[in-house]
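In the two complexes that follow, subunit A is the common piece, with subunit B as its partner first and subunit C second.
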Partner chain A sequence: MNISVKRIQAIFMKDYKEFSRNYVISSVVLMPLVLALFYGRVGSNSIDMYFLPLNITLSMVTTYVQACLIAEEKERNTLRGLMMSPASTFDILFGKSLLVFLMTGIILAVSCYLVGFAPKQIIVIALALALSTAFYLALGTICGLFTKSIMEASLAVLPVMIIFTFGPLALALGEDHLLYKIVEVLPSTQLIRLAELSQANAAFTELIGAFSIITAWTAGAIAISVVLFNKRTKDL
Partner chain B sequence: MKLTIEVIEEFGEVLLPAVELFAEKPLVNIYTDVTKMNLLKQQLLKMPKVYVHAHEEGHYERLTVEETFQFYLKLHNMDDSVETLMKAFGLEQFKKIRVNELTSGERQVLSFLKAYVQRKEAIILIEPFQNLQQVERKVLMHLIIQIQLAGKKVVLLSNNLEHLINSEGEILRLDEEGLHKMDVKEEQQEQGQGSIETIQLKIEKIPTKKNEKIILFNPPEIDYIESVEGEVFVYVAGEAYPCTLTLSELEKRLHHFGFFRCHRSYIVNLQKVREIISWTRNSYSLSLQGTGKLEVPLSRTKLSELKEIVGI
Partner chain C sequence: MTAIIEVQNLQMKYGKEEALKNVSFSIRKGEIFGFLGPSGSGKTTTIKIMTAQLTHTGGQVSVFGQPASEMNKGHNKSKFGILSDNSGLYQRLSIEENLLLYSQLYNLPKSTIEEALAFVNLQKDRKKKVNQLSKGMMQRVVLARTIMHKPPLLFLDEPTSALDPVNAQHIYNGLRKLNELGTTIFLTTHNMEEAELLCNRVAFLHKGEIREIDTPLALKKKYSDHSFTVELENGENHVVYNGEQGAVQLMEWMKAKRVSRMYSNEPTLGDIFVQITGSDL
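Let's turn to the complex of A and B:
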């Protein structure tokens, strides 16, 4: 596999220009910020409440925008042009993800500030959020590859949002409920757990459990998206 | 390099013959119908060394023309100057304009950029000139020559003979039996030599006229000839080509090639006749092979003559 910085940069710049001129999709970015402002004003102070806007950002912005970017390429028949170019799968997926990754990072940081969440171990939280972002990016890629148009992609993102963003809310059902056990292994739940432990100044060894679960989800999702993408390349 | 196309059959009927596209020459034009073109395209799409350029290619609508050029050049690691290339595409006056504001012809020229930057051995262009204006066609023709100069083979596919005639290089006709060479000569040349001379030389080719060009057919290629209201049409693989000669002139010329005047307004190539169908005692027709549904009427008076020739 040959990695070319020039090609990644070309894809990144192209997506940046397209995205910034597409107001329908780029305005979505503002939504989580408004929510974060709202939650911040309401005066929530539990980690659960802090992380609700963050998790919404991950599904609404990261997954949705990534899915739309890929679905739009398919809708307009430009994905084939990319696949036929000397750019490798890594070049294409990385170039496309880079834009959304950076954007997510900025929004997450601003959201944290607006909602009033001050992480005590900033590196741990940043690492966990970066891993989660990669997971949601891969999910977005999968959604985009499965659908044919932006319309379909926005629908396909809905289940992702319901399961991963609002899943942690099911924890309120109590430990005996069946849903509790399922929801507990979700990366979004683990992200909240990790943040709770981290805010309580836990040692790194205590965090390994949550980290490994998030990493496993991320690795799995990335693997599936790469396999799907390669399959698409072949049956052109 | 050689592109092997496999045969495609359906219900015992050959839809696409097995052919080998020898891209020995830098530019090959293939004239065929839409069905064969689509079947051919499906096979060519699977070949790794080939880039197929067709109409459904899309654009990044929100990029400007200049940004589109920059993107594809970078993506394909080409060092060409964006400015010169835009000039070559005749799009430099639109460089700050977004792609979604271009006309369909301009978009089509722009999408040719994708074929231009490819580094495959062969570039297949499907109907590249369709719906284009004269100026845009010239631009495309010029670009095709540039692609050849870069050492790549170009195959043009079209079901419009006029488009292929305007391009350079040899023209091949693809039908159920395979590829056939088409002799195309410039009309001006023909007139210079004088058509009387041609007849005196007894050239065994049948001249037909299509789109201001004269196309010469070998007699065995012809299925049958029909005269409709004084106009003579030569039928080759289901396609009609107007011919300036009269039926009786043609009959004289084609007699020793096994052609037969089977009706007042029909001459048929007996080599291609598969069946003599008698509808009633007084009405007959000849069914031609290969093309399937083609039938040519046979007059009753000619039946006995035909029987004699065939030896029934």
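Let's turn to the complex of A and C:
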């Protein structure tokens, strides 16, 4: 696998320029912030309340915007050009994920501040959020690669939002419910669990379970996105 | 001369539909090769196979002495350039910004952007956003991007379909110059005058089969009816054919010094195209 920092940077800069001139999609970024501001005002202080705007950011910004960026490259036939250039699969996928990754990081940090969530173990929370971001990014890439236009990608993202962002709400149904068992292994649920444990000053060994589940989801989603991308290098 | 592309008994099926049947040809280094045929005859399919965007279902295809499927490997990607109808541009970026991205992807110095802009005569419009350009201008930007890394082999799939004659001429001159510097060009076009102007050799593809492949001159001779038009001093036009009768007639006129002009009635590539593709529609 050849990796070129220069090429990754070139793709990132290109994405940045295009994104900053795309008012429709770039305004999406503001929505989770508005929501976080609202939650902050309401004055909630439970972890799952803190994490609702964070999980919404991950699906609305990370997955949705990433899916749109990839789908637009397909819609405009520019992805083909990248694939035919000397940029490797890694260069393209990494370069094309960088912008949304950084944006997500900023929005998550600002959202934490706005809702009034102060992590006690900041490295643990940062790591968990970074891993989750990578998962939602890969999910967005998959949605973008599966669809042919921004329109289609916007629709494909809906189930992702419903399952991953609002899934954890089903925990309220109680441990005996069938849905509970399914929802429990979602990365978004595990993220909340992890944050709860961390806020209770858990030792790192207690966090390994949640970290492993999130990592497994992330690795799986990345693997699928790479396979799908390589398939797309053949005729579209 | 060495072959840069070698295609033998190429067959391509899309499901049940046979897009290419037993296509064979070879392209020598330094050629401008015209791949001519009506829409749907299989031109784009052939290019996609040669550039590893499609996997063929039969026959052998080699490019630079390697199987065509190797063309998507990193070290091969900068050896060729491809322009086709699925070569898109970033709509919200300027012409220059689009070229800048590619100069970085191919690891080229900034001066190549300048050369590429000059190649397609777009220096003055460099700051314009792509979404404000006409179709012809976009096609020129894509062409600039395609030739920017000066690859030894170019695949141009209908590169001038949206261009006006002045810009087309400018592009032809540029392509000839590139060719003189050693670039091999595989060109598809509907424009027979373009093929006649540029190509050393052409192939006529029809319904997935090559019907003719030769130099334009040889094809013209082959499809000629060997007649000549003679224009006399008094303005009369006569057609004479090779042979006894024609010779006697011509000698009479010439003895009497009545011939003012005389030319061979060879077909154009366009005539040949119609004859090949129109005969069994």
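The definition used in the following text is that the second predicted complex is superposed on the first by the 234 of 236 C-alpha atoms of A that agree within 3 Å, B and C clash if a C-alpha of one lies under 4 Å from a C-alpha of the other, contacts with A are read in each partner's own complex, and residues count from 1 in each chain.
In the analysis below, a contact is a pair of C-beta atoms (placed from the backbone, for glycine too) under 8 Å apart; a residue touches a chain by one contact, two chains touch by 3 or more.
What you are looking at is a predicted structure, and each value in this text was computed from that prediction instead of being measured.
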Subunit A as common anchor, with subunit B and subunit C clashing or fitting:
clash
Tell me which partner A:76 touches in the superposition: subunit B (first), subunit C (second), both or neither.
both
Quick one: is A:233 in contact with subunit B, with subunit C, with both, or with neither? Answer first, second, both or neither.
second
First (subunit B), second (subunit C), both or neither: which does A:87 touch?
both
According to the stated criteria, A:174 is in contact with first (subunit B), second (subunit C), both, or neither; which is it?
neither
Tell me which partner A:43 touches in the superposition: subunit B (first), subunit C (second), both or neither.
neither
Shared subunit A footprint, subunit B vs subunit C, residue numbers 6-7, 9-11, 13-14, 17-18, 21-22, 76-78, 80-82, 84-87, 236
For the complex, which residues does subunit B have touching subunit A?
45, 51, 56-63, 67, 70-72, 74-77, 98, 114, 117-119
In their complex, what parts of subunit C are in touch with subunit A?
48, 51, 53-55, 72, 74, 77-78, 82, 86-93, 97, 100-102, 104-107, 145
Flag every residue of subunit A that touches subunit B in the complex, lowest number first.
4, 6-7, 9-11, 13-14, 17-18, 21-22, 75-78, 80-82, 84-87, 236
Where on subunit A is subunit C touching in the complex?
2, 6-7, 9-11, 13-14, 17-18, 21-22, 76-78, 80-88, 233-236
